[in-house]
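Each chain gets a letter, A, B, C and D, in the order it is written, and its residues are counted from 1.
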């Protein structure tokens, strides 16, 4: 019984250590889950596949570094995929740090030899419009004219000077919108304004906490697909064939989660065993 | 071996913060001291440019210039904001420190007024609205209310109704939790407990991902990045 | 004068702002927005008090060689350095006219290389604390705690593959008992009910609190009567 | 007495119902007026081959209850909307300043929608509108509307219901404050977290340790912070009487100023003005996690015997509460942030849940006026409960009996709570 007594009042640092290890070890395991693909991830991927090469795609990065572990892998895969399909990529953000996260994805994609070989050019093949304050009102303004919402891109070039944007006036010139969202403003606002009012085709990547809020829109067809949390990211990585961080991260996350569950069970066993003894 | 100063600084600070979990130590203290200093400076400098310069000076200065030309502009009202700000600083002079209560009174009054409305609408009225659904079908879709599709949903609606109702009973201040009323309040606390347990469990996963981000940084950017 | 005027200000400002919500006509329609602007400006002035206090506390610590005083020097250097970098826009590619956080400025470098990792690491501590808190809190000590535990446990299981795996045998009419379905149900039904009760309660609490403030019933925040 | 009180509550409730229903009727009457004076000429159309049947203008009017610069155009959907090979893609809304002038597109609405707000008008200028129904083969135009101008309104009729609901709750709160002032006593139940305040302060005194008070991380423009500060006023008085040390690190300069005034007053009220010092409250940093880093440091080094967390909290709540727990402090928390409540409940000894945070200062003050306001709050709860139960019941009866008129009636009352 001494064991359970110790367990009951175990030094929390042991718990900390186990949490840490449960996250760390999977990163070296190289084990991959055999993932079944959720329907909402599949439909998103199918929609992307159906877009003709060279389509114009708007990616909006509405998150900041704390949510990056969940959303960055999706964004990385999406940007890579877009470049391989020769999509004309327009990047923007409703969160101040979003466009900087996008730069990270672009940099990551450029490391791919196949993409390097395409000699993609900023301003011609892709452009980063940067951040604009105003939350959903930015989307609203974009409905009439992108230039009104983003007079300049992130590098300070006038909207009209960017070759890629010459023929892009508003949402009607965009074939697909991909939103990475960690909260407000995010997927809900994009659905309510860009989809409901301007009829764009929207796919989204959400943090695990946000995703349930977006599910109702899937049913109603306002969202073509949804990547929820690391699992969604891992499934998307599998479909696109860019196995990267989400797959390992997901393993870590599941491990740590399991550890918490084990703690809860152990805590309760310890509680009952020691209580019985007292009686 | 590839040395990136930024990454090494990041690793030093990350490990310093995490070392706090073992126990308080000088490494953590350094990180904490840097964090407090840098972040306080960051916010003050950012807001100085954002609020004082962009909002106050840029709006007020042209209005004052116009005033000298005999024009009175709407933006002159920013003068009031400036004066209130200066009143706040009069605390530094003990004899007239009480003047700083004026801007404070304004702040509290405005907060009370604005949040009165915000909470009434979004927390109160809207939540009540959302709770009102028919608990049992069959329903014609005519009235714009969601029809109750299945018995399961109907039962769900009844439970939501009971939970909201008994939850409100729990919050009653002016009646003792005894008898039938106390029973209802007890049920209310059960619902609150479910809420707390569920929201807690629901958040665990995203909290783990925060740490994954840091470990990824340590493993991939720092160690693998430096030593190949 | 010292207390009546502030009480009057609170009353007028509060009452006008409530009424202004229902008057779209100029100038009332913008009052709310105007206030947040005013507040931001007042807050910047107040920074002088806060920042001054930070300096004073740490300078005193160093002067009196109090415990841990060397760390106070670190804080002071960090604070004044960051402040100087931001206010003077040191190393800003666009000079003093440039955006304060312009890429390449010292201010932005300090932010990216020092501020961000510290912030992210502090935030990440939550992963550990979530672990230790659930270990301690989720125990079936009494009925309330048991309900808390069960709800949390189902949700925890429901978010991992084990949840599905454990209960995948329940099919057909029993499929609602599968843990992921059960988890969704808990989130969507009893959890929602509890949240609503809390939110409606908060609305009433805020209304009552606001009225106490506006009517001057609650006035502790104004300090003493005569100074 | 009990009877009288319940009669008053029932009276207020009934009154509120009457008022709300009245306002619903009034709104309805408004709508009818508009329909009667529809500023639209409706004609008949010949349907060209392959083009969709055009939508017909319904009402074009100045947007209701706004600050001007907006006209609302609504239309009856095209019969081709939603199906068929002529399926509508979108509706375009076109505008001109003269009936025969050049019309330009001011906006579009996707299929299925029947309304558009043109928020780019200049007040006092007359505009003409028509709607073009677009399908893949082209567009078909509706009739042109009559001239219409936008203007600002003095009262937002759309929010009338919110106004009345607010008014009723205010009336209830003020009524009970007034009666409490007159010396009427009310029963108030106990709140565990507040019962524990004195004990928690006493414990710190006995142990010779300090008390840590965290007013959340928001500024004074959050009513939760204000609530935290008012509780501080009561707590500080006890602290002054017990001669315990208080340490209050804050993350906002204005909160620092306010907290000092508050504590100072408490010390004066306790008759110990000399014991007060400005150093009790000190500013750390506005940064959320920087602040927590420092607070955690203070906790493990000073080992306060009691920690109060009362105000607005975000993710940092659990970091502080767990550290506080590890040093064995008694912890009393309170917040109206629903997302953080679970963490406080898990890691603290007592948690004031939402409404209890706002009630706490009134409880602790023991002043009749303050306590009266809590009684008023309860009336608000009764109204909410009656409305929810009553309407759910009404809907259920309506849907089981499939009675359209009953359903309409229920919709009308429910509509009162559709605050925009």
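The rule is simple: a contact is a pair of C-beta atoms (placed from the backbone, for glycine too) under 8 Å apart; a residue touches a chain by one contact, two chains touch by 3 or more.
Since the model is a prediction, treat every value here as computed from it, not as a measurement.
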| item | value |
| --- | --- |
| Farthest-lying chain, centroid of Cα atoms versus that of subunit A | D |
| Chain with minimal offset from the mean of all protein Cα atoms | B |
| Pair joined by the larger number of C-beta contacts - C-D, A-B | C-D |
| Whole-Å gap separating subunit C and subunit D, where each centre is the average of the chain's CA atoms | 17 |
| Inter-chain centre distance, subunit A versus subunit B - centres from mean C-alpha coordinates, in Å | 23 |
| Rounded Å distance between subunit B and subunit C, as computed from the means of their C-alpha atoms | 4 |
| Chain centre separation in whole Å, for subunit D relative to subunit A (CA means) | 30 |
| Where subunit A touches two or more other chains, by residue | 12, 16, 19-20, 23, 65-66, 208, 256-257, 260 |
| Where subunit C touches two or more other chains at once, by residue number | 18, 21, 39, 42-43, 46-51, 54, 68, 115-116, 118-120, 122-123, 125-128, 130, 132, 134, 136-138, 148-149, 152-153, 156, 159, 187, 195, 198-202, 204, 206-207, 209-211, 213, 221-223 |
| Multi-chain contact residues (two or more partners), subunit B | 17, 20-21, 29, 31-32, 35-36, 38-40, 42-44, 88, 91, 101, 104, 107-108, 110, 112, 115-117, 119-120, 124-125, 128, 131, 161, 164-165, 168, 171, 192, 195-197, 199-200, 202-205, 208, 210-211, 213 |
| Chain contact graph, described as a line, ring, star, complete graph or other shape | complete |
| Complex contacts: residues of subunit D adjacent to subunit A | 89-90, 107-110, 113, 326 |
| Subunit D - residues contacting subunit C, complex | 65-68, 152-156, 159, 163, 166, 169-170, 173-174, 177, 219, 221, 223, 226-227, 229-230, 232-234, 252-254, 256-258, 261-262, 264-266, 268-269, 279, 282-287, 289-290, 292-293, 301, 315, 318-319, 321-322, 325, 336, 338, 341, 343, 345-347, 353-359, 361-362, 367, 369-370, 373-374, 376-377, 380-381, 384 |
| Subunit C residues touching subunit A - in the complex, by the definition given at the top | 116, 119-120, 123, 127-128, 130-132, 134-136, 138-141, 149, 152-153, 156-157, 159-162, 184, 187 |
| Parts of subunit A lying in touch with subunit B, wherever the complex brings them together | 13, 16, 19-20, 23-24, 27, 65-70, 207-209, 229-230, 245, 249, 252-253, 256-257, 260 |
| Contact footprint of subunit D on subunit A as seen in their complex | 12, 143-144, 196-199 |
